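Two complexes come next, and they have one chain in common, subunit A, joined by subunit B in the first and subunit C in the second.
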Partner chain A sequence: MILGLFGLLVGLAGWHAGTLWDTLAHTLEKLFGANVPYTLRDLDFLVSTLFLLGMLAALVLYSGLSCQRIRQADRTAQGPERQWSIVKRQFLKNRLAVAGALIILALYLVAFLCPFLAPYDPVEQGDRVQERLLSPSAEHLLGTDRFARDVFSRIIYGSRISLLVGFLAMGLAVTLGTAVGAVAGYYGGWVDSVIMRFVDMMLSFPTLILIITVIALWRNQSIWIIITLIGLMSWMGVARLVRGQFMALKEREFFQAARALGAGTGRLIFQHLLPNSLTPIIVSATLRVGNTILLEASLSYLGLGVQPPTPSWGNIVYDTKGNLFTEWWMPLAAGMAIVITVVGYNLLGDGLRDALDPRLRE
Partner chain B sequence: MTDVMDQTSPQIEVRNLKTYFYTEDGVVRAVDGLSYRLAKGETLALVGESGCGKSVSALSVMRLIASPGKIVEGEIRLDGLDLLQCSETEMREVRGNRISMIFQEPMTSLNPVFTIGNQIMEAILVHQDVSRKEARDRTIAMIRRVKISAAETRVDEYPHQMSGGMRQRVMIAMALACNPEVLIADEPTTALDVTIQAQIMELLAELQSEFQMSILLITHNLGLVAEVSDQVAVMYASKVVEHTSTAELFASPLHPYTHGLLTSVPTLGMSKEQKLNVIPGQVPNPLHFPTGCRFHPRCPVAEQRCKQEEPLLREVKPGHWAACHFIENGKSPIKGADR
Partner chain C sequence: MHTYIIRRILISIPLLFGLLTINFFLIHAAPGDPTDIFYNPDMDPEARENIRRIYGLDQPLGVQYLKYIQGVVLKFEFGYSIAKKRPVKDEILEALPNTIQLSALALLLELSLGIGIGILAAVKQQSTFDNATRVTALTFYSMPSFYLGLVLLFLFAGGVSATHWFPASGMVDIVRHESMSTLGRLGDRAIHIFLPSLTLGIGAAAGISRYMRGELLEVIRQDYMRTARAKGLTERVVVFKHGLRNALMPIITIMGLSLPFLFSGAVIVEQVFGWPGMGRVAVDAAFQRDYSMFLAVNLIFGAMVVVGNLVADILYAMVDPRVRLS
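Right after this comes the complex of A and B.
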């Protein structure tokens, strides 16, 4: 199961990277040189379709495997199934949590199916005279912006950026935070003091201003740099959490028992401490996604994030803020998209915490 | 079994072990000069009240004392190998392989996120170069050995699916998976029902004769001591006050503290009116042990001398060691102590 989950995460990360507009453009350029016989959208169709097929195949394979496993499990004890079914039941009881999960699921579907859902190419500019700043209509659901691009298509494609940033920046933050917190919590003593004072120091920096400074100094606004910076600025909470968890687990008797069995440092951390800290890590990771998405949107809104013409919700708001009083639906729709995503992740995180934490059960 | 301290080749020998904790309030002398020898297949019971240093002495043998604790003096020899000179890597080879330990709380001594099979397998895989398949087969055999029924299915169960007694059996299976020479049982039955206690002790005794291992049994349950151990060391305030064979100890306890302990145990058939003997006072604060004999503030026969002069553990009778000034000619200072 852990292998399957890992595969899923890697697959998602790969897809995230693969469908990015500038990555696609780059690939296209590499493949065909200057005289491109296909458009970006064609390539996007291809990648999305391939990925969908891959996911379907994985799903079929996985369900086949788990069917076999369940058949086996029927004969033996039903340990993990029972535990997971309690969590599942608890989660499904919580309507808001289910709503959050559905929102996130729907968003991912939208991001997967961008080329199928979006009626227009998100970066293609229409007739600058005839099709500029159109009001919503059947052809352009949310009208067009000042470059005569279809806003609805741009918002649909913008989901990719938000999900990508949320996913990768959170992944980086959680990995880094877990590693740092694990070292501090496991070794304790002066190692812990030094690391935690560093964490305190990092926490006292105003995140947004620091990122803006770094980007300004670097003069490079690639999405990868932004993701890295956001990740580097948001691991501290996870580190504190993991450290506390490790400290508490170290006092538990099973840890002492494992040491008495002759288990080494690696085994103690990866077999005994980390698996027992997974629940709070998952919950905080989910809750953190919302923050990273907001941070990216803020940066893009300030013009320091994802660069046009690649659409992101933050830079759509930025692009259209001049039309706020006349074409108000454009910034509003992009803003709503951000709000819905963040709320979705927070609901999901809260629900996961309630379902996974046995102490919160009645 | 007359000469308990003088066997020729002990499996494990502890000499003058001192483990201190350097806390902010001062030095806590948790174990202050403990010595014992344990032959192959023999059981030594370490008896005493809570906080007298029993568990710390066990953890010292495993070299699992964490800062601010430190083993400041002594010698621990496992079949000749001086454990205090071993590196941490060498110690890891010893732990769980040559010396194993079972703990007091079976409910919390197992990792809740792995199946019991996984955890027993871990013990095997850490120390032995075998395939996972073979380790699993051995695990199942081990589970059967500790008398858990349906071993093939229970191997995949999680700790929370088992009762306390079952979990203690799993702990025993884990501890014995690598066939250790010495087993340290730190209050193995304290958290269990009385009926389960007997089963677990019986199982341990059976496995002991099967594996020919030495057991260091740490307990405050004197009933348990009488049943299973060959020799007993009574600890009070980090020191051994009396050490002899089990039969001898129950027949003629010489130290006033041991006498107090034995008479404070209720016996079946005692009438309601009969009062239990109580040792007056409290266990001394380990930061400030009393001068002289550490038991003197609570001792019924203490005199001026006890406040100034610390009694040494001496052989008061062949094969019987005790630390009290007033034991003469192998007679207890308390009248009617010999039973």
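Right after this comes the complex of A and C.
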């Protein structure tokens, strides 16, 4: 179970890292000189096709496995799987939570299959005299912007940035927060005091203003800088959470027993404390993704986020907000995409929390 | 109580000092400097050095830092804004009241809407109202503030001509404000502040209503609530006197902590509605790399966080007799 989850996370992180073909193309160009063996779009297409095939293979594999499991189910009536099956049943009973999960799943599909779904190139400019600021039509579902680019295609490709920022910044924040909180909670005493005072200080930094400062002053709006900054500014909540969990778990009998049996620090943390703190960490991580996406969108709206021509939902709104009273569908559709994504993550997080917390079950 | 407040304020001084110091060196570590706006390629390098000398940028960093701190501590001076060509203090004193006005009204909206809806939803748990407000609150909670602002602008400030009731930007009507009567001016201000404060308030209210509902539901399950009902008290007394009082306590903490969020939310909302407040000052300072302005803005936003925390703790002690501040 845990291994599968870990594999999934690593896979997602890997895909996310590869999402920015611009970065990848730069690397390729450096490696092969001017004659890159294939173009950006070929690469995009290749990865998406691989993903489609992978999904099909996974489906076949999963159905095979579940057949096997049903056959085995008679033999092992009650096992450690029961806890998870309760959680699963609780989660599936919650219609809003399932809706959230489906939204996120659909978004990931859209992000993977951009080249198949987007009718036009998101970056390429059309005829700026004839095809500029067109109204929505069958050819251009959401019209074209002032550079004659298809807005619908841009919004589809924009999903990549939001999912990327949400996932990686959250990952950074949760990893950092867990590490810091674990050290503070496990050792306690003066280590805890020093670390928690530092956390308090970090919490009193005005996040948005500080990020604006760094990005504006260094004139560096690379997506990686933005992700790192957002991650570095939002780990404190997780640290507090993990510390609290560790402090409480340290008092429990199973921990005392493990320690009495001579378990080392590493074993105590990774075998006993961390797995038992995983539930609140997962919930807060899911809920944090939404905030991260909002923060990136706000930065993009101020013109300090991901730079055009790379489309992100935030910078599409920034780019087209001047057309609000005339071509209103452009900024409003891009913003709606942000809202749907964040709603999806929040529904998923709420649902996970309700399903994982036995006190909230009805 | 008084000693506690004084001690907390004393503790926060080194915190703000640290913030100022980190920001100072962070800003000076960045490439470029504020005299860039005077720069043109034909310029004599010596002239440029002269400008740098006038603003004291040629001195060693340590000396600049000590001078800056000295100014802040002894004279409450925050330096001179090179981009705006006036003292930073003047610029901030002009912008800060506008942001406070906006945030205060938003806070009022946040509390009245958020707590009210939260109570109703919790009392009628699982009702249609509860489900509807939960989904609505979640949607607003998940909405970037600039998007809500743009939607409101579109609906009520020009996009839909039938409901063009509010102006799209500014604090007052620039052309007609001076010639209005006192009452007219007040009305003019009111219609200008309505949409921005609504934008800021609704987003925050959605968060508060979620917490309020959760807290009240938690309290309703307690034994003393059952006792109160068993005593034969009316449902209103049970909910408001026994339930609400206990459920409000965590909300007070959250409210104190939401103050800085309201303030930084104002940064975005001010951009949408062209509101001349701290948000605009902050973003301008960022783009013009106006060092001293930037330090002052960061200090003020940092101070807001500290004040918010302090207010939360003090209010908490005031409403909960079990908490002793020492």
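The rule we apply is simple: the second predicted complex is superposed on the first by the 318 of 362 C-alpha atoms of A that agree within 3 Å, B and C clash if a C-alpha of one lies under 4 Å from a C-alpha of the other, contacts with A are read in each partner's own complex, and residues count from 1 in each chain.
Going forward, a contact is a pair of C-beta atoms (placed from the backbone, for glycine too) under 8 Å apart; a residue touches a chain by one contact, two chains touch by 3 or more.
Nothing here was measured: the structure is a model prediction, and the numbers come from that model.
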item: When subunit B and subunit C are modelled together on subunit A, clash or fit; value: fit
item: Subunit B versus subunit C as contact partner of A:A260, first or second or both or neither; value: first
item: Contacts of A:P331 with subunit B and subunit C, given as first, second, both or neither; value: second
item: Subunit A residues touched - subunit C or subunit B, whichever exceeds; value: C
item: Which of subunit B and subunit C A:H272 touches, first, second, both or neither; value: first
item: Computed vertex angle (subunit A) for partners subunit B and subunit C, CA, steps of 10°; value: 90
item: First, second, both or neither for A:L304, with subunit B first and subunit C second; value: second
item: Which superposed partner A:G189 touches (first subunit B, second subunit C, both, neither); value: first
item: First, second, both or neither for A:D127, with subunit B first and subunit C second; value: neither
item: Shortest CA-CA distance between subunit B and subunit C [superposed frame, angstrom]; value: 15
item: Contact residues common to both interfaces of subunit A (with subunit B and with subunit C); value: none
item: Of subunit A, residues touching subunit B in the complex; value: 76-77, 79-80, 83, 189, 252-254, 256-264, 267, 271-272, 275-276, 278
item: Subunit A to subunit C touching residues, read off their complex; value: 96, 200-201, 203-210, 212-219, 290, 294, 297-298, 301-302, 304, 314, 317, 321, 324-325, 328, 331-332, 335-336, 338-339, 342-343, 345-347, 350
item: Residue ranges of subunit C touching subunit A (in the complex, touch as defined); value: 15, 18-19, 23, 26-27, 30-32, 135, 138-139, 141-147, 150-151, 153-154, 158-159, 260, 263-264, 267-268, 271, 282-283, 286-287, 289, 294, 297-298, 301-302, 304-306, 309
item: Residues on subunit B engaged by subunit A in the complex (per definition of touch); value: 62, 64, 67, 91-97, 100-101, 103-105, 108-115, 122-123, 126-127, 152-154, 156-158, 161, 171, 174-175
